[in-house]
Each structure stands twice: as C-alpha cells, then as structure tokens.
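Have a look at the structure below before the remarks.
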C-alpha cells in the first residue's frame, strides 16, 4: 500500500479539515509499515490526577486511523468512522505525551480497517488498544 | 437495581469528579429503567459542517455509562472504563443537542455493562450506538 | 423498513445457504420491529457443565443479524459480516434454548447495523449482547 | 509474563476442559512473545464455497486468548470471556488451516486482554483480527 501523502503534506491537510483540533496532534512517522502520531499533553484533555481522558485517547486513535487511511487513498475529507472498539488497559502516565502506533490491516474499496496501540511516551506497555473501521467514499 | 444517587445529587458529583467538562453535559432523566443524558451543542465539539465530533459522542456515551453505574453503586470516582465498542451510523443534525439513552445490562461485583443509543434531539433514528464496560473498585 | 421475506420463506433459504447448521436455529418472530431467533439446546454446542458455548452464542447473534438484514433487502447470500462486538454477561441456563432478539439500527446502501440481546429461555436478564455490521453487495 | 504451562502440557488440559472441540485445534508455538494456534480445515466448520465460518474463526480467537492467559496464570478452567470484538476482513482460503497469532497485552488481577490476528496458512494478509477480554477468577 503505497504512501501517497507525505508526513509534511498531511499536517496542513489535517489543520484544514479539523481546525478545531489544531495543535493537539503531531505526526512522528508515516511510512508503509507504521504511522506514529502524538497527542500533546495538555490541560484540555486531562482528568483529575492529571491523566489523559478516555475521549482524548479515543480521539487520538480515531485521527490516527484517518491519517493512515488518507495517506494511502489520497486526501478525501469524506471518509467517516463507522466502528471503533477500544480497550483501556492502564492509566496513562501523568504529564507524558501519548503516542499512537497505527497499522492498516485492510484497505478495500469500501472499508479501511486499522489497529492502533497507544503508549505513554517512555513506557513500554500499552495504555490502550483500538481497532477502527472507516467507510470510504465511492469512485475513488 | 435501585437508584442510590438522584439526578439532583449526580450533577454536582460530576462537576467535582470531572471539572474539565463542566457545563458540557446535562441529565434529563435518571431512574431504574433509563438514564437520558444530553450533550449541549457547542462549538468546542464540532467538526467542519457543524456536526458533533466522534470523540464528543464517545465522551457522551462514556459519561452516561459512568453515571448509570454510579447511580446504582454510589459515588465511586475510581470506576474506570475498560472497553467500549461504538458504531457511528448517521451524521448528527447540525446545531442539535445529542441525547444518550443508557441502560445497565449487568451490574456485577467486578464489572458493569451498559448499552447506549445516541440521538440528535428531535430525530427518531439513532446516530450512534455503544456498549461500555466499567471495572468497579473492590470492597464496595 | 418493510419486511420482504417472511418467516416461512426464510427457513428454507437459510437451509439452502447454510446447510451445515440445518436444524440448529429456529425463527420465532420476524416483523418490522423485532426478529426473535432460537438456538436449540443441543449437545454439539455445550461446554462442560452443560452451558451453551461462546462460539454458539456468537453464531446465533451472527445468523440473527443476517436474517434481519435479508428480510429487508431480499435474499442475497453474498452479504458478509465485517464486525461483531459481543459482551458475555451471565452463564446461560443449562438445558434451555437461547433466544436472540435482534433489531436493525441502520440499513444503508453499503452497511447494515444490528443490535442483538441473547437470553436463556424463561430468564429475564440477558446472557449476552452483541452488535454486528454486515457489508451489503452493491447494485441491489 | 513467564510461561507456567508448556505447549505439551496445554494440549491435554484443553482436551479435558473442552472435550467437545477435541481435535479441532492445535498449538504451533507457545512462548512469552507469541502463541500460535491452528484451526484444522474440517468440514464441520465450513460455509458454502468451502470457507471457514465466522463462528469457527471466533472460536479459534477465543480459545487462543484462553490458552495464552492460562499459560501465564496456570490452569484455571474458570476464566470466562467477557468481551470480544472481531473484524472479518478477507475470505479465508478454501481448504487451508487458519492460524491465530495471539499476544497478551495486559494481564491484571481481574482481567486479561489479548489481541489476535487470524491468517489462512500460507497467505500473508490477515483474514480477521480480534481483541478479547477474559475475567479471571479471584484469589489466584
């Protein structure tokens, strides 16, 4: 699955499509094998005790699957999430960025299926895992 | 499953436990049969085109399952989400509040399992559905 | 969502499409509001202690979503399950048939989304719940 | 997470706990990094066209998560599946065994969380992926 949109091209596209989350996420790596995205530790997403909230982790997994898919089909703002299953396994480390490692398991005509592991930066055991399905616009 | 915490008692408890989402959610109904919560339509949660974002819908489903569980076991800030599977089925109506109808399917010693249907207010067909599992603190 | 295939027409269609499970399942009710299917208690599906196995409950949920979808789009053997999330909540009652109550939440052009509750016959609390997505063949 | 039950010890334990599926599954590899299990291609599990059924793939994923968990906590027949989310991505190859690669993402006191990828033997792209949660018996 060739990468059609580079890391450098993806960032301004994301800002254009999701202006409301501008500055929340970064892209560390984007190639055929793996996408690594980053949720910057930031007060807006914190729960009491300083940990990243469940919705913020869901948001990171969701945007990662979107970016991994867009990188392969080209910039198509119309792809939509149809399903996500997420397991929360450990408390994220307070104050640490959260990293998402995203792999595309299937890119079909109608659906894209991605797996995501989330880590607190600097900690080897995952804080959460998710799988997401995106519905793709027809006639690409 | 008797309700131990009323609608009126739950709101200040939520504000105390999750101060960062104060003002985002309301509780319309809370009894043994059904919990109805509301995500107020608000710019912070919108995508381009004015619809409510996926993470905001996830957040509404998540807080609903938390409230429905707390209402039955008593106020325990330590319950944590362990799993959520969510299907996004229709685009929410722009500008409308999103309502969550939450039912508790199982309340065991260690786990609580809830079902949630999400609707744009005034529209009969659900925009999303979710099931959530909360892990409950021991020695309740 | 009008029902195009009646309960009486569905049974021989199922036998034709899935001959390997002939005699395993029955249809109790099929109308616009609800489908009720039945897994006959039978040694093949039992675990030690006489309870119905997880894969047998998954199979019942899966065939229910298939039947509910076929009843609305017409007999199309090519629809395939793309996703299922299932929560097992209670031990099924030994020796009792398992009933599935299936509702179609969305029937789109490309996807059908169904919710299923599973009960041991004669017991009010669900033993499991599932949501399933079927991918539908194009050009219906 | 040290392995307490070897591949050789696990097979007779499985036969004892699940006599009804004796001969259906094999264990190819069992170590700290990875468990590989095998569903033998067999008429009982086939759909029309000769492919492995959804319930059979679910069963393989389920037994894999069970074996991976038992290998770490010791033989405890009482662990039960509480949740599974499974994505079916490609049609399995007719006549080929299905292999499951299972990794334990979290082994806590109360829950075990596993990821499983399913492949038709000899084919590099996964036919399905699943995540499963097992509830563990107390006082281990």
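For this structure, a couple of remarks:
Every chain is named by a letter (A, B, C and D) in the order it is written, and numbering of its residues begins at 1.
Keep in mind that, in the parts below, a contact is a pair of C-beta atoms (placed from the backbone, for glycine too) under 8 Å apart; a residue touches a chain by one contact, two chains touch by 3 or more.
No experiment lies behind these values; they were computed from the predicted model shown.
After Cα superposition, the angle needed to carry chain A onto chain B is 180 degrees, rounded to a multiple of 5.
Chain centre most remote from that of chain A: C (centre = mean of CA atoms). Each of B-D and C-D has its own count of C-beta contacts, and the greater count is at C-D.
If you average the Cα atoms of chain C and of chain D, the two centres end up 23 Å apart. Once the centre of each chain is set as its mean CA position, chain A and chain D turn out to be 28 Å apart.
Chain B and chain D have CA centres that are 33 Å apart.
Each of the following residues of chain C touches two or more other chains: 82-83, 85, 87, 89, 133. Taken in their complex, chain D has these residues touching chain A: 85, 87, 89-90, 105-106, 108, 113, 115, 117, 125-126, 129, 131, 133. Of all residues in chain B, only 17-20, 43-44, 46-48, 53-56, 58-59, 62, 77, 80-89, 91 touch chain A in the complex they form.
Listed in rising order, the residues of chain C touching chain A in the complex are 82-83, 85, 110-111, 133, 135.
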